[in-house]
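Same chain, two partners: chain A is paired with chain B first, then with chain C.
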Partner chain A sequence: MRRRLGWALAWGLFVPACTSESEALRLDVVDVELSAVGAEARAYVRRCAEDLARARASADPSEREALALAVLERPVPSGVEGAELLRLEAAEMLCETWDSDAAGARRAVALVGPMLAPRRRLPLDPISARALVCLGDAADRAGDTDLAATSYLRAIRLMQMLQEEAMP
Partner chain B sequence: MTTAAVGRRTGRCPGRRSRGLLLAWALAAVMPACGPRGGVSSGPVAPTSAESDEQVSEPREPHEGETAPELAERLRRLRTQQGEYLPASAKDPDACEYVCSLATSICGVKEKLCRLADERPADETYQQYCREAKLACKNAQDNCIGCVEALEGRASGSP
Partner chain C sequence: MSESGVTPKASVGRREPSDRSDASDVALVHLLAERARPVETSDAEVAEIVARTWARIDPGAQPPARPARTVSLRRRSPGVALGLAVAAALAVAILHSDRGRPPSDSEALGEAARRTLAAFEHVPRPSERVLAGEAGPDEGGGG
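Up next, the complex of A and B:
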């Protein structure tokens, strides 16, 4: 009886430790392609793509921020497949823009962290990898090294998947 | 490395959707030749519902022999065939550029992760992360080299 209790106690201590580590590193991916069916959906994708292109080309951080925020704030109409890609790219852009000091880094973590949470399925795309790396950078700057390390490792695993997929 | 260093390729790998089909076709073409009695030139043979298990297992082609020279000859032919079954992406220089840019990114992130691990030498979790990252970096670089070599092999016509 005492032995059984010992095993149960050991297992009880072991399982949460394992669960928390694997949960932090969980990486569920989904293969998505951006497509839009219907006039409203196409207009949404076109506007987002234009905003992102302008943001990428802009040297002004405040303009970049405004354009990326506009993408995130725009409601996604029905008929848009893979809208998460556009939103992730906007979030990654904001993350890079904000991650210049500790306060900005914390803001970046607050924005990008939930979008890349381990329980979420991430698009199998370089955009997800870039966002994970930026989350790692921001978390490191904000002092959350555990989040930084797990984000970096998830980014590496995702890039491995991308590489395997692209291998001849 | 900045996050921008991770490949900006947002388009999908050309011919990716057909890769499963190509692989299935290549396997279907190669698998019968891999069996101990399979002929290299034979196509896939599907049993009909009228055939019994015994009938299916019957050799349908002349026995190629199992001696060392015969096996060596069969291996040579299979290698030649394997080269022919390489998907179209093997001929695409952009595919290798993408594979190699991912290797660079993976190794760049490995540096960041291992720097965190170096700051915590007693933390086994971080050390484990760093080891995994190092292995991923090495594998990614090997994949890059393999991709370029396959491309060069195709360009020079050697299998």
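Up next, the complex of A and C:
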């Protein structure tokens, strides 16, 4: 009797644990490419790309932060497809810029975490994997090792998919 | 390249094809959607067929984005499925081990992720692709 009760208890704890973790490891992807139709859409894409290039070239963290934030705050006009690619690039840059101390890492997790949440569809592009690894690094530094581990695993799985896509 | 989306199955078939070429176009779109594979942007012919078919099915509407796909172990080959299952089981074991575990669990996973990411270092970032004219406003699009 006691043995059966022990099995039942173990099973009752095991199943919900596995269910919640599989949700944390969920990865939905979408094939999307960046494109712009219309003058406003083209200007948006061009401006975001230029901001990100300037940020990447800048040695000043505050300038990098301002430029990356500008990309995230800029409203996406109609006619743009795949704007999430540029936004994820900006998020990854912010994550890297902020991930120098625990407080910055917590800010990075708060900003980037929702963008990469398991319920969201991520572009099937290396930038999603980069952002997930960056989120994992920030979460690790912020002390959230569970989020770090799931982010790393999702990044690895996404990269496996990219490699499969590249195979003939 | 922008407008070369695969028509989702739910949208195809709102109108019946009117002739034989229509039927083959729609069949092609069905096939592409069924296989859930991305249309190669360099394949202008397929992109044109898809855009033309979509225009006929729903004139005036923008072609939709490519269909979303949900990762499923059932879709992977047995080897990959086994690998993913092992990775998932490892994750469950790691995440549900005792709270006093050494902090090296996520560090080891991070190291593995960074090593894998190194294989993609040569791939330009989205903004670099735009500025190189490989994506975004300088190619395709129109308008």
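Convention: the second predicted complex is superposed on the first by the 152 of 168 C-alpha atoms of A that agree within 3 Å, B and C clash if a C-alpha of one lies under 4 Å from a C-alpha of the other, contacts with A are read in each partner's own complex, and residues count from 1 in each chain.
FYI, a contact is a pair of C-beta atoms (placed from the backbone, for glycine too) under 8 Å apart; a residue touches a chain by one contact, two chains touch by 3 or more.
The shown structure was predicted, so the numbers you read here are calculated from the model rather than taken from an experiment.
When both complexes are superposed on chain A, chain B and chain C clash. Legend: residue contacts after superposition of the two complexes on their common chain; A:Val45 is shown touching chain C, with no touch to chain B. Of the two partner chains placed by the overlay, only chain C lies in contact with A:Glu81; chain B stays clear of it.
Look at A:Cys95: by the touch rule set out above, it reaches chain B but stays clear of chain C. Chain A is touched at more residues by one of its partners, and among chain B and chain C that partner is C. When both complexes are overlaid on chain A, the residue A:Met167 reaches chain B alone and has no touch with chain C. Of the two partner chains, chain C is the only one that A:Ala53 touches; chain B does not reach it. Contacts of A:Val37 after superposition: chain C is touched, whereas chain B is not reached.
In the superposition on chain A, A:Arg121 contacts chain C only, with no contact to chain B.
Once the two complexes are overlaid on the shared chain, A:Asp28 sits against chain C while remaining clear of chain B. Listed for chain B are the stretches 23-31, 113-121 or 149-157, of which 113-121 clashes with chain C, judged after superposition on chain A. Touching of chain A by both chain B and chain C, each in its own complex, is seen for residues 21, 33, 85, 89, 125-127, 129-130, 133, 136-137, 140, 145, 148-150, 152-153, 155-157, 159-160, 162-165. Residues 17-18, 21-22, 24-39, 41-43, 45-46, 48-50, 52-53, 56, 79, 81-82, 85-86, 88-89, 121, 124-127, 129-130, 132-133, 136-137, 139-140, 145-146, 148-150, 152-153, 155-157, 159-165 of chain A are the ones touching chain C in the complex.
If you check the complex, the residues on chain A that touch chain B are 21, 33, 85, 89, 92, 95-96, 125-127, 129-131, 133-134, 136-137, 140, 145, 148-150, 152-153, 155-157, 159-160, 162-168.
Against chain A, the residues of chain C that register as touching in their complex are 1-3, 38, 41, 62, 65-71, 80, 83-84, 87-88, 91-92, 94-96, 103, 105-107, 109-110, 112-114, 116-117, 119-120, 123, 125-131, 135-137, 140-143. Put simply, chain B touches chain A in their complex at residues 1-4, 6-10, 12-13, 16, 86-87, 89-90, 92, 95-96, 98-99, 102-103, 105-106, 109-110, 112-113, 116-117, 119-120, 125-126, 129, 132-133, 136, 139-140, 143, 146-147, 150-151.
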